[in-house]
Amino acid sequence: MNPSGNSCGSFPAASPFAPVAGPIVRSVTDPFHGDLLEVSMGPQHPSTHGVFRMVATLDGEQIVKLKPVFGYLHRNHEKIAENTSYLASMPYTDRLDYLCSLSTNWAYAFAAEKLLGQPVPDRAQYLRIILAEMTRLVNHSCLVGFLFNDLGTSFTPLLYAFREREKIIDLFESLTGSRMMCNYQRFGGCRVDPTPEWLEAARKLVENFPRFLDEYERMLTGNEIMLARTQGIGRVNAAQAINAGLTGPVLRASGVDYDLRKVDAYGFYGRMDFRVPLGDHGDTYDRYMIRILEMRESVKILAQAFRDLPAGPIMDPKAKQRGHRPKAGEAYGRIEGPKGEIGFHLISDGSPNPYRYRVRPPSLINLTLLEDMCLGHTLADSVVILGSIDIVLGEVDR
Amino acid sequence: MLGTGILNGLAVTAKNFLGSFHDPARLVTVEYPEQHIPVPEAYRNFPFLVSESADDPMGTLRCVSCLTCEKECPPQCIVIVRSKDKKPDATGKAQFYPTVFNIDTSVCMGCQICVEVCPFDSIKMDKVFEITATNRFTELLLNREQLAKSNAYYHQIHPVEAAEVDGRLAAERLAAEEKAKAAAAAKAAAAAAKPAAPAAPAVPAPQTPPPATP
Amino acid sequence: MSAVLASEPFLERAPLELRDAVVQLLPAPAQWLGHHLITILAVVLGFSLFFAFTTVAERKLLGRLQNRLGPNRAGVPKFSILPFHLRHKLFGLSQPFADAIKALTKEDIVPAAADKLLHFLAPVVVVAFSLMTFAVLPVGRHLVPVELDAALLYFFAAGCASELALFMAGWSSRNKYSLLAAMRALAQLISYELPLILSVVPIVLVTGTLSTVAIVQSQGVWSFGLLPHWFVFTPWGFAGFIIFLIATLAETNRSPFDLPEAESELVAGHLTEYSGFKYALFFMAEYFGMTALSGLGVTLFLGGWQAPAPFLEFIPSYLWFMGKLVGMLVFFIWIRGTLLRLRIDQLTRLSWQFLVPLALLNVGNAAFWSLTAHWSGPLNLVRWAIALALVVTPFLLLGRTLSAGFAPRTYRYAS
């Protein structure tokens, strides 16, 4: 593509562009061509969801090349984890995907429990499902809000989404002590037991959640501008999605039936009755709608979990609280996070610290198809496509 | 028909506009400096050290400087220097105490791991969130004098949890007393059996528990 | 003053009496100048104040739409010379003044690579041209700054220059975002000037004049003493009004057509490299433009300063004008709080494939309306039916082609 490999500055005047594969309209041998414009969007840009950077090469407003650049938020998460105890990594996992700390906590606890051979009591399993699904509501409602902000609304849908998210986050705070950095899961169970009042408040809130979704959909799903802006934009077909290793709603929007809650049936998801919505077009609209439909399914799962929640301990009484020294070996624990498959690969050499600690971040892997999605679309669409992938830079850069 | 989606959207925003005047579920704004949301009991931000009495915080710290929190702290923001001598602790046992206990709150992430791993219930999470400092290198590094807060304060901010902790400590203390008594009785019996043996050493007087007023 | 004026109620002639009283104080040769200066001052100050409170109203309304409170903090400032401090927040109404002070005291940053002259000139030009448009708006029965025969032509000529200023700003900044925004502004100008003017042509056709004063006067008729004969209440007038509204939104870069300033894509578009008071000037010009075009819309379609019913005429005419203007602005704010942004190709397509044909057909519709002005009785009903059909049918047909391929979808679930 760019032979000089220089992506930071503007192009030298004589820099030739090899024709780029994809739906490109114009070849550079066109005698009438003007200069291509290279725009560096980010790391300081209102719509790159943090410190992500896209180096877009534009022909007019059309994208002919797009290079994602990340790493501006790299915090050495994996190396830090290899130098602390197993327990001490738990609060750090909150900070990976800071919108969904409870899911990420679960994924890490799941991997460590596999490594330790640690069973989890029933009540804790249900609590994990309840909190993970509430996290999914938080994440998806935030995402659709931000997506509309990228589409150019003046914050209205975002603030409606935040209004509802706030109610869930308040519940998280009263249970775990923190709104976003929950640090709730432990190896062998959960940290605090919710009171009956908490459960009742959560049940009521979840019961009312579809009303918000209905209002939200009435406001925006049928909006003509929204349809025109998102349908047919950023298409990914099933083969592309599988090849790139996409997971989560982005994969299912392309029509691939792959939901770890069904495939692995980890935790007690095997006991839950829910459906997996699938898209047929793999475009931005499908990615948006899959999230809305998933929220509706999450509400169903939550209703079942609140109904079936058994009494009992929330922590395996035999579980060690600290100073874990798993036997030498390795384990990969993965769950269906709101953004896709969030997995932790732990290798133990018998010492108190993991020998290798690796995160499989769904945001980063879903991001790999960004250029393919954006080619041939306009600059305005690239922002929307990025929004529809749903990334959190804490997880992309780690 | 073209435009219905847009009209629907306008209707929803109009509904929200009107709702924001009468529906508390819609207008959720809290005007912060004037209005406060009461923080939930579980709320946490930075740790503090529990001392039994407010009058002599340094003398009655529960911390025995076992260094567990220092080891487990994920960002390694705790520094403890253990004392050379021993002092009786809450249960009456002679224990070490921290001569230095520093927490760097510019590093601390408020994860509560130190609280969880503390076997002596001596470090707890505070709820004061209106903190400012003008120098991050000096003012954010809290020493044990700044960290120590009384058990009464702990009761004030975490009533349920503190009552449970006090109950457990009282039970432990009782058990320790009984054990001491049993040991003393056994010693006495042994002494009676062997009158030639030297007298049993005096058991240190257990501290009276502080009044558990929230 | 003239005899016509003397017969008016006091409130109606009060502004003019005030002006004349001031002018009388001046020596005779300067009276002519004073007369005009006072008019200019009144327009500039009046609409600047109006702008200030529009911004705070917009932020408050948007806040409420979004379930927030909006700005409510800026209150009475503390003056150290005064012995007391009135602690009242004034419901945030002093926010625009606080903003102005902030903008004035901020550093004015000019990029090193910028074309310094144009960079400086752009905000000046944009404010100047957008203020000029107010000259021909009849604010009240006797309150017209300048009575021009070709007022409409003047209005559009002055109005479209402000978009050129946006291009100046975008080009001179030497910023890629600004450049893209400048291109978008030009595309938008070319696309939407046409439907804007075409939507006004039917009025000119029916009234036979380009004078805004005459157009307002021709709407001052009531059926049954109750139903006003504003042009918006005719089929062609309604269609023209909707087209005018859409084109106004586009002309003034308001959501959903705020492409030059597209915050989520182009950071701040042509304003990226502006700071401090220059930024505030652009902001001001945007609101002036919006106010002026809304004022034109009120003048042309909503009866201008005319009261909606004859028995409401005791309320001074300028209050009616302002009330209608505020109504229009509230509608614009409501739109902004709801809609998302179009893409540049969709924006131009909406204009060329939808608005321009509709506006052209609407001209024909107006011609039919004025040719059949003598139809009465049952024929009048036929006239209404035909005129309505001429509006609705093309709207449905063109709307279908415009939204072809876009529809909400149904989704399947994995078995």
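Think of it as A, B and C in the order they're written, each chain with its own count starting at 1.
Keep in mind that, in the parts below, contacts are C-beta pairs under 8 Å (C-beta built on N, C-alpha and C of every residue); 3 or more make two chains touch, one makes a residue touch a chain.
What you see is a predicted model; the values in this text were computed from it and never measured.
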Chain ID, smallest distance between chain and overall C-alpha centroids: A
Most distant chain from chain B by Cα centroid: C
Euclidean distance of C-alpha centroids - chain A vs chain B, Å: 35
Gap in Å, rounded to a whole number, between the CA centres of chain C and chain B: 61
Centroid distance [mean C-alpha coordinates] between chain C and chain A, Å: 43
Interface hub residues of chain C, defined as touching at least two other chains: 65-68, 337-339, 403
Multi-partner residues of chain B (each touching 2 or more other chains): 2-3, 6, 9, 12-13, 16, 26, 28
Contacts with 2+ other chains: residues of chain A: 156, 160, 163, 219-227
Interfacial residue positions of chain A with respect to chain C in the complex: 37-39, 45-47, 58, 60-61, 148-156, 159-160, 163, 219-229, 231-232, 257, 259, 262, 275-281, 285-286, 289-290, 293, 378-381, 383
Chain A contact footprint on chain C (complex, rising order): 62, 65-68, 176-177, 179-180, 183, 255-256, 258-259, 262-267, 336-346, 403, 405-409, 411-414
Touching residues on chain C, where the partner in the complex is chain B: 61, 64-69, 72, 334-335, 337-339, 395-396, 399-400, 402-403
Residue ranges of chain B in contact with chain C within the complex: 1-3, 6, 9-10, 12-14, 16-17, 19-21, 26-29, 31
Interfacial residue positions of chain B with respect to chain A in the complex: 2-6, 8-9, 11-13, 15-16, 26, 28, 39-44, 68, 71-74, 109-113, 116-117, 125
